[in-house]
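What follows is a structure written as structure tokens; I'll ask about it next.
Letters A, B, C and D mark the chains as written, and numbering starts fresh at 1 in each.
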């Protein structure tokens, strides 16, 4: 069974029974604000006094859920999910929330992350007669909660007990007939926060979704914390076992939306700080600083601020190219870069350019962008990367391709510079990540850069 | 959890590995021939040397499975399913075959019928930690087989053991990485037969599908029989426990296609025999015998043959009206009858007409047809029904609406005659069913007519 | 420009302004009853006090027009169209009604038939600056009416003048801001009749649609007649020039629905009469008469009545196969026959069978059916065709393939019998057609059988 | 007949017959780069040695044209079109290119702009028997070219003669069996340029599309110029009549993509120049300059450069919200702004902010953005608009809503400031537009700001 890790987003809302809140529509809007976390499946489950209904499928939120679907999903609590799949096109079966009936009732579950001991757990469960209808980890979590629920008095306790058996990265929302439970893995790999909206309780992978639905940010869920919302209020419990926390540094560098604040860190500020530090570590004699849209813009602004070199717009991104077949056809990839990014000749011509991006993976796209800039008249191109070189796999949900195709795995910085055709190349140092993460209430996992992982991921499938 | 009984159809094919048979395409054609058994979901699962792939969804076979889907489903064994749902619109989740992984491998399962102890089994399974993602009975069967498989040495043995715990009506096809298993419930409620095609083994709910794909009928699967096909040939075993068999009489009267032969009974002949017996039991002084298309045609031909009254065509059915929204809108039902059936005035005008159909449920459609015929100039309308009055519910997969709306439950034959506005009305007697079933190798369940059920159905949900 | 002849169906309704009639929904139902006349495009145009709105596209009525479309199409008069295209898949551009603005207002037009001087007219119009956006004949008619309208005082007069320039077969409905005009070609090739429904005026290609919407048949439109309906009532005028009328005999034999009555002829009766005459012309020593469903059923009943040989059901047609890809794939045609028709072995076995159909075109399907019957145990197969041999092309809208592939064009009856493998073969004689057409108020075109055409079609594209 | 002005984009390519160029695919990619000019319809027409095929419909390029469509569209010359409709949802009928047959052959036509004498021309044409199947101006142009073609020897001459009768704004591509003709209106309202790609000739509304397909910019088409490309090369002719040229200033301010260069003006530079001038005309005492994404970004960068106030990112735009139903529901508009734009609190909090956008139309969106910034902690908000106030309608294709809802039409600048809640408000002066247009080879139409129109538009519908 191939692995299907889930780097995704979750959103939830609990309103009191008989409230006038349109919980499905709020969830729908919340999912839009989290759409960048997954474009392959979307779904909403709504609890209407014990009856849980679901609308889910493959595609963008706007493709999967229609206005009439929203109208049908009435209720007083809801959870939603957007899915990003790392391997192959997901099927209808992979869409979350997963809705199911267990020994003590029914439940819906939305989950974001990757369970590192999923294979072992699945084997154990199968050994006792379980069946698995999909390859994703949510069924594993569902079984654990269902089985714990038989043994203990409440759904939140069942979640807590299940968390003791789960290893890896996960943020979890569980909708039961009377409760909404939110939980975050003991390391705090994936973000999860709480908000409020006219007295309703909100949960979201990122704070930007709480802003977008018009709510107020309340606080982050702590690593290992289980928050349970009922008609009678909010209760918190914890499965935290004292371990060192390890938020995924990649959330700050790449995943999260710039307007989110995760565990006290403003993503925009973190990326600007990366750019500033980069300007200190790798200064350049140049006329203009430009960013690769959209991922390199914030760091470019930071680089400009620190270095005093003017910030400018050097590449225009076509907003419509995303879902065209061009981007999917292997042989036409070269054309896709041209279609996606066009240099602004008048801003580039005759100039020494600092080009900022957040990463170099294979090196091929970067090479083409450097070449585009030279064709547009750039005298020099100084590549700056606002993260250290990727050299290691991730076991916790980040889609890092096989080591062999990571350019930084096999080449030195100077060889990479030569390969991409830049005049100079500078990566942020691993030490420099401390500027990115400054102010965070958590520790960080930097395994993809350093190979030091906070927990074992070796038994993963 | 609401019940979702499955009156459906299954088709399967086993070809040796490395054969040139296009098993998916043969299954696709087989499902077309069984489309009358279920129009709400369709699906095919194909085994390609241990990898089982599925294509399924809601809608007709032609809507769910495209030519390009068929091309992708390569393999050497396949099972297919068409689903009829008795309650509400089924979701994607209800489509079969159900594909899953269990403790000893992976499996696909297609099932036709209704498990009468499903509720109890589901509770037992949940009590041990199982979760159920849908309301249909196939998940129950899947768990039983998966759990038995842990205890015994082969999939066919697991099926046999599971059958000991299942009560009710079911025909079952199971696709494992190396085998195709077919099984029929111990009473033989639902039909299942075996065929051959260029050395490949076929299974089908009805023989018409074996004909349609160009195969040869071999034999019926016996009640309680388990047939297992592997590379090494066909083996038969049985879970039959000596009970009295009870094929569903309604398969003969209504469900099956007229060109099928079920357990030695030609459906067309059975219906003609019903019409002949009806002519003896309820003769009429008339000029023409007509049938309500398509369900009453065969019995009308039989009535004509026996009575000597000429057979004629009196009502034309619109072949396109099926999937229009007209048929779904409550308030527009009256208009739907007109759109669906139009009398052939020139054949009817000035004549005394015998009108034959296979059933009267609510009586409303029948009333409108009688009225249509009178408007078209019929002097007299003598209604003849080729089955006894429906008065009882069915626990074994037949979609008989609640007793209260069954006209024969609350009115006498004379009152029904008055209600539908016919000049006379005659139902086939229960004794007369023996003519319908003449030659069958099995006993019959006539519970819907008599209230005498072969097994208990009382604990059903 | 390739020809795209239109053998299609039209339906229209005129209700007074401010009436409560749902004219779009009535038209929708009318089109369902005419769906057999064209399955490739469908459309409805509605006049709401001068504003004409249209919903049209490629596909079946149920695919093109949704319930919400119907709700949007409010108004007091409407016309609808179903299109059958003889050459290739039609595009959106070919769907009718054609809605356009001309020198004196706006108009919608639905047309059924084939204009034999279309090429010449199109060239004339282009020579004066016209442009043509499609290949179908409706644009030609639209231009003629638009140009005549500039010269004369009313739309009905414009239609009349246009008819003087049009040659060929056509039934025409024109919707103007205040009128509904119906017209039929001077030969009366294509059918068109008038009905009434609660005071509203109906027009339809066939009477079955008037029945189906619950209306009353009033009368046929006469060849060359123009009927104009306004708020003030119905007026009739004529462009008839005394020529011999020539209804298409093929409407009786094949096109029309059996429950329609065209120009005094009941289609069902006509086909039964053909079967009776056939029994006289070509008797057979046989045990059972069967028809090829659905086209040969009525004639088979007639043959049985005349000959005294019992009528029976020998072939079951799969109602779902129509829109599967199987039927479109050249290499899989043989399999398609099996999937579409299955013999009823128990009715056939050991019997001498008379097999009745309405035509033999290429001979391939017929050959396969004969073979199916023999495989099912028929002792003898006596093929009877309820029309004379096809040997000539049609210029008036009937889709007769190129002469070269017409089996009757190159082979004698005995050679055809040998080719299809029947024990005997008999076609209806040309003289026999008089029985089919008995009682008609019109003359007939039998050009496809005799080569004698009522008007020249030679200049057609 | 309601007006349907076309602010759209065109792209064309001419390759020699038997070339290996994939002209449809190049056009497809060109349309992607022009997608911002129209998202409501898309289409491509391809000429394959005289046979012109079309694929078009409603929606984005990626929705209308599939990879398999592109494969079917083989040929050596092509034109493409994206449509923006100002009034209501366009229908299939409005999609361009318009393909038609005329007196001397066949032709496809793609057109961008608005014909101010369309009503008069349409009436004249109808008076001579023309019919119009849509409301758009392309049919008018088609008739004129078709009619001129009857009188003169070539398609390019016909285009030239037609241009003498057309008033208004238009860029035009015409595909004939042997030629590709490009023409630009005599005032030069709408842009059109020429490029080359491996020896093939390209035309495009904007230079960004030439870049995007990998081509080289050659030159702009001059006002009134007709360029005709054949197998034998490129010929230029002109219908220019000496009038003052008047490029639409709004193309520079809003329509065109920043990476385009129109008539010697770099759009990005023009917008930065507007920002710089704005900083001179309306300085502010502030801590940060932010732009409303995406329309105000370039001007904000210019303002920052000129003023020395640091540029920053203050608002994050959700890239996925575009096609959700939220944006279409009137009552939910307020929620849509929140969903679309989220302030970056950490960049805004405690700061005096200069907010730059390119326009204020109704004022409602602007008011909400100012309020969002204040909620995010901005101490002061200084609104700066990089264009003069809109106060007049446009007759040449710009979608300016009715004067009554233009806030600048009824309120003074101080009243607008008060209404939107800003601390100060400054618009670019009309004089300042000279900085925007600096270097252009053409004059400009600034009618929407000044009410001085270069030609009469009063007779427009």
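Keep in mind that, in the parts below, contacts are C-beta pairs under 8 Å (C-beta built on N, C-alpha and C of every residue); 3 or more make two chains touch, one makes a residue touch a chain.
Owing to the predicted nature of the structure, the values given are computational and were not obtained by experimental measurement.
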Quiz item: Taking each chain's centre as the mean of its Cα atoms, which chain lies farthest from chain B?
Solution: D
Self-check item: For chain A paired with chain D, centre-to-centre distance based on mean C-alpha positions, whole Å
Solution: 36
Quiz item: Cα centroid separation between chain B and chain D, in whole Å?
Solution: 60
Quiz item: Hey, how far is the Cα centre of chain C from the one of chain D, in Å?
Solution: 48
Quiz item: Looking at which chains touch which, would you call it a line, ring, star, complete or other?
Solution: ring
Practice problem: Report the complete set of touching chain pairs. | Solution: A-B, A-D, B-C, C-D
Quiz prompt | Complex contacts: residues of chain B adjacent to chain C | solution = 28-29, 32-33, 35-36, 60-62, 66-67, 208, 211-214, 257-259, 261, 266, 268-269, 294, 297-298, 301, 304-305, 310-313, 316, 318-321, 323-326, 329, 335, 338-339, 342-347
Self-check item: Residue numbers on chain C that touch chain D, as the complex places them
Solution: 1, 57, 92, 98-103, 122, 126-133, 139, 142-143, 146-147, 150
